[in-house]
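You will see two complexes here that share chain A, one where it goes with chain B and one where it goes with chain C.
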Partner chain A sequence: MFHWLEKNPFFFSVGVFIVIAFAGLIEIVPNFAEASRPVAGLKPYSVLELAGKEVYKKDNCLSCHSQLIRPFKSETDRYGQYSLSGEYAYDRPFLWGSKRTGPDLHRVGNYRTTDWHENHMWEPTQVVPGSIMPAYKHQFTNIADIETAYAEAVTVKNVFGTPYGDEFQPSREAWEAHKPKVLAEAKAIAADMKDPGVKAAIEADEVPEIVALIAYMNRLK
Partner chain B sequence: MSSLMIKALAFAAALIVATLVVVKQMNVNLDDPINQLTLLGAVAIAVLTFGVSAKYVNQMKTDKAGGELAEENWDGIGEYKNELPGGWAYSFLGTLIWTVWYFLWGYPLNAYSQIGEYNEEVKAYQTKYEEKHTNPDDATLLQMGKSIFLVQCAPCHGITGDGMNGKAHDFTARMSKEQVLDVINNGQNQLGYPMGAMPGGMATGADAEAIAEYVAGGMKGEAPAMFAACVACHGADGTGNNGMAPNIAGYDDALIKNTLTNGKKGMIGKMPSFKTMITPVQEKALTVYLQSLVQ
Partner chain C sequence: MQSNAALEYDYTVAKLFTYTAIIFGLVGMLIGTLIAAQLAFPELNYLFGEYGTFSRLRPLHTNVVIYGFTVSGVFATFYYSAQRVMKVSMAESSFIMMVGKLQFILYVILAAWMVVTLFMGVTASKEYAQMEWPLDVLTVLVWVLWGVAMFGLIGMRREKALYISMWYFIACFLGVAMLYLFNNMEVPTYFAAGGLGSMMHSVSMYAGTNDALVQWWWGHNAVAFVFTVPIVAMVYYFLPKESGQAVYSYKLSLLSFWGLMFVYLWAGSHHLIWSTVPDWMQTMGSVFSVVLILPSWGSAINMLLTMKGEWNQLTENPLIKFMVLASTFYMLSTLEGPIQAIKSVNAIAHFTDWIPGHVHDGVLGWVAFMIMAALFHMAPRMFKREIYSKKMLEAQFWVQTTAVVLYFTSMWIAGITQGMMWRAVDEYGNLMYSFIDTVTVLHPYYTIRAVAGVLFVAGFILFAYNMFMTMTASKKLEEEPQFRSPMAA
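Up next is the complex of A and B:
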């Protein structure tokens, strides 16, 4: 019945591959598909949070901070509930990191607040004596690129089907219509901050990087 | 029996004798079942290796080809349509049965789970922790409170609990004058006390100033007249009527528990909720430690 296979090395190889890969396929693929679905209640990043994520990448927070809590008691005691794959469904790219010079940040929004971040990013040692983290004062004056963040949201919506809703369209009008929401979100965060420069920028409808970054940090829960 | 087989078995016997001599010389303890098994293994290896080799060498010398040839051949090399050897067939059947078992029961029911191991680890730890701290004494609580404070609270409130120059609440006193004034002006309803919301503006102007001065000063001396407005809920001594309203004279269990559970946004900044991170024993420990910080 299968003698023809023995005379056709190519199809024979294909058959061998399928037989050997079968166990792997039925154990790996369903689990993988299940785990990569977004967890219940997960929302895509807002435009301001995406802008903050860009700041996070640009200033290389990734080099010293991870975003993945492993299921060990020592970690969950310190950082909270262990991470699930579905929580990263809208992270493009994910920022797991692999080096913890500083603490893990995957749930930093649960135990740090806007005012703490403001003090900390301005001068880390004033809230954490002995901290070796550098100060990020430039984030208080640099302006975050919320327009590009909006473009990113539209792109991941179109390419990967991230559920952003119909108002996210690749047009100037759509952006102009959405911009006030971003500014309102930034304003709510700046209201909890003290830096006069930041407040002035927000009044002028500009979003300093620190505000976007804090929006992103607060979102990590 | 062929001469080759006799030679092979003789060689195996010689090997066994040599092994026994070594065993004797090394004073191996033969009462030990492991050593007995090892010796048995050595005998089996010697007999089987040479016996089986001799059998097949003999067979190659004497056997003639026979049986029905399969249709196809490869470069003139053909293949007989022999029956599957019995042992091989039964092992194959065995693996099929094992597959069904493994697919339906073995893997789904016994698979290793990292989360399962984590859950067991946490459960074992909790049991041990609760056993150890069913009735902790004050010294233990103070020590526990200090460690928790250093891990969970110190990043904002400072290692000494002084709030790091106004960046967070200062635990060396109950409240500063500014904090009291802020609450009087804006009210407060975040901590979930049974008494409910405190409205803003219950006292104003100089009255509010006087109350703030009195409360921030540790409630010493004579209370200002308008303090009567506070007494209704917070009590004449400011301790909050046994947990009905916040204690404004000091740190008690209810205040710590409610603040940790609900978090709070005050004039200084926002404190997140620590609901899932602190156990009841740890709350008590924190209270003891915070009480020790007040000067």
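Up next is the complex of A and C:
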């Protein structure tokens, strides 16, 4: 049979495809619906938090930080309760990471504050002596893209049924109507911060990346 | 009608991809060495403002070495060897020639676009699938063009039975196509939200645990179909060609091929052990990872036994040395992987530096060694000149072998140290170390790893220079060498 396949590239290719395809079917499909269910009471990310998640992706925090607490005592002692599948139901994409050059962040909102993050992102070593994490000063001046974050919320609502309210609509008017809420949320975060540049930007109705990022990290609980 | 005149193979496209393999290899490894040094000396994060941080550069390193260096090497060796094993020349079809050149042009555009977007931080953020959706579309186009060239050549072939290397190239094409498409299913938000926000942004079709499963089904099997399958294709072609020895066992190659195809895909979930995916999937990943030793070692043993009775070539021909060491590192790496996939070991190894250590004994010792040896074998045949310097080849071999050994040994120690410290408790059962203790302790190992990076890049510069001189300045050859590649002392 194998000799025959080697002379018939079409059937050879079909054979290879069948052999490689069904492992995925068996491992991914059966559990798909169950793994999509959120835990009870899980709220979707706010637009500001989504914008912060984009900063998290843009500066690729996940190259050094995981968001997955494994079910060991050493991990629950260090980071809090082990992670549950349903907690990630609104994470598109998932941000578990694969390497802990720095600590896990899945519940960082439980034990770090806005103030702590501000100092840490400006200069990590002043909060954690010996830290090898780079400073992310550019996040204090770069402006977060909250419009794209809104577009993301509308997309996941319409395509995947993520429970956002009726005011989330694919139109510029709807976005303009929602925008003040985002700015108010950002203002509340910035009230706990001290950087004058950040405060000035917030006054000018702009959201620096650091504010969005902190909103996102405070939400990780 | 088949004449007795030798076919004139056309290496235009193979040459083009050879150039990009060298260039991207150099760029990717330089970035890799920089980020390795950043972990030991964090001040190096501030060389290029926000574009120079470890976190921004890491995906550049991985993407440039995978999709730049390795994939260029795969295309170059394919366009070289496919013609020869199927007894058909690219010059016989202007259509296939056009497809090959178009594929190259689009590939270079894609690579440049990828570098720019990743520097800017435009990323889908899934590992080894960071490119945003418009780049994904272009990737699919490049891949389809490769498929057209591949099956076009197959359609024209004179040698009816496909040689082993072709099995693996076909599998590479199909496997990557399937995995890439499913993993990169994403919805562009600009179009779904009535023209709001950025055109480049998208959200994944899958969420949370499902996204993780699909991602590591891809992530693991990108290793299978980019770092293993086409590299096995290379070793099956180039080792017999360079040594003049027939492949040891046809049956073993059959068993290894179909075994690898069947088993590899199951093992993806070993990246998710102790995560929130169901326990049975994790166990499945563990079990199949261990089974995977069989087909992997099958190929490697088949290669090593091909040298049976001819081991003297190992001392005489540095290219044989490269390929034999590559096969040996393949064995090491495919034993190490299954060990890490055992649940109790994974509890310590996961999230630590042992993982990049494992990756690099595979990609440096196996993938890079094999690709460089293949390109060296091709050079005298493509450029009709002898290899410029044997001494330089020898030097490169030892510098890079030292580099790989330093890399994985330091990362083994670093990883196990960190894994043990995270879980260490004192006599009252309290955690013994704060997280930062487990970071600062790694400084010496990160330094050794950075040195390993410098050595490997130094070896790669020797390779690039040797190749460049072979192309331009070396002694011309009257006729094509039969087996062993001619090289000047």
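Definition applied: the second predicted complex is superposed on the first by the 185 of 221 C-alpha atoms of A that agree within 3 Å, B and C clash if a C-alpha of one lies under 4 Å from a C-alpha of the other, contacts with A are read in each partner's own complex, and residues count from 1 in each chain.
FYI, a residue touches a chain if its C-beta (ideal position, glycine included) is under 8 Å from a C-beta of that chain, and two chains touch if they have at least 3 such contacts.
Computed from a predicted structure; not experimentally measured.
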Using the superposition on chain A described above, determine whether A:K7 touches chain B (first), chain C (second), both, or neither.
both
Thinking of the overlay built on chain A, is A:N110 touched by chain B (first), by chain C (second), by both, or by neither?
first
Which holds for A:N119: it touches chain B only (first), chain C only (second), both, or neither?
first
Who touches more of chain A, chain B or chain C?
C
Just checking: does A:G80 make contact with chain B only, chain C only, both, or neither of them? Give me first, second, both or neither.
first
Now for A:Y90: first (chain B), second (chain C), both, or neither, which partner does it touch?
second
Is A:V127 touching anything from chain B or chain C once the two structures are fitted on A? First, second, both or neither.
first
First, second, both or neither for A:F72, with chain B first and chain C second
both
Indicate the residue numbers of chain A shared between its chain B interface and its chain C interface, in ascending order.
3, 6-7, 27, 71-72, 78, 128-129
If we count contacts the way the header does, which residues on chain A are in touch with chain C in the complex?
2-3, 6-7, 9, 12-13, 16-17, 19-21, 23-24, 27-28, 31-32, 35-36, 54, 57-64, 66, 68, 70-72, 74-75, 77-78, 83-103, 128-136, 138, 142, 145, 147-152, 154-156, 158-160, 170-172, 175
Within their complex, state which residues of chain C touch chain A.
38-39, 42, 45-46, 49-50, 53-56, 58-59, 121-127, 151, 154, 160-162, 167, 170-171, 174-175, 178, 182, 187, 189-190, 192-198, 201, 203-215, 217, 254, 258, 261-262, 264-266, 268-269, 271, 274-278, 281, 284, 288, 347, 350-353, 355-356, 422-425, 430-431, 435-436, 439-440
List of chain A residues in touch with chain B within their complex:
3, 6-7, 27, 71-73, 76, 78, 80-82, 110-116, 119, 126-129, 192
Of all residues in chain B, which touch chain A in the complex?
71-72, 107, 114-115, 117-118, 121-122, 125, 151-152, 155-156, 159, 164, 167-168, 268-272, 274, 276-277
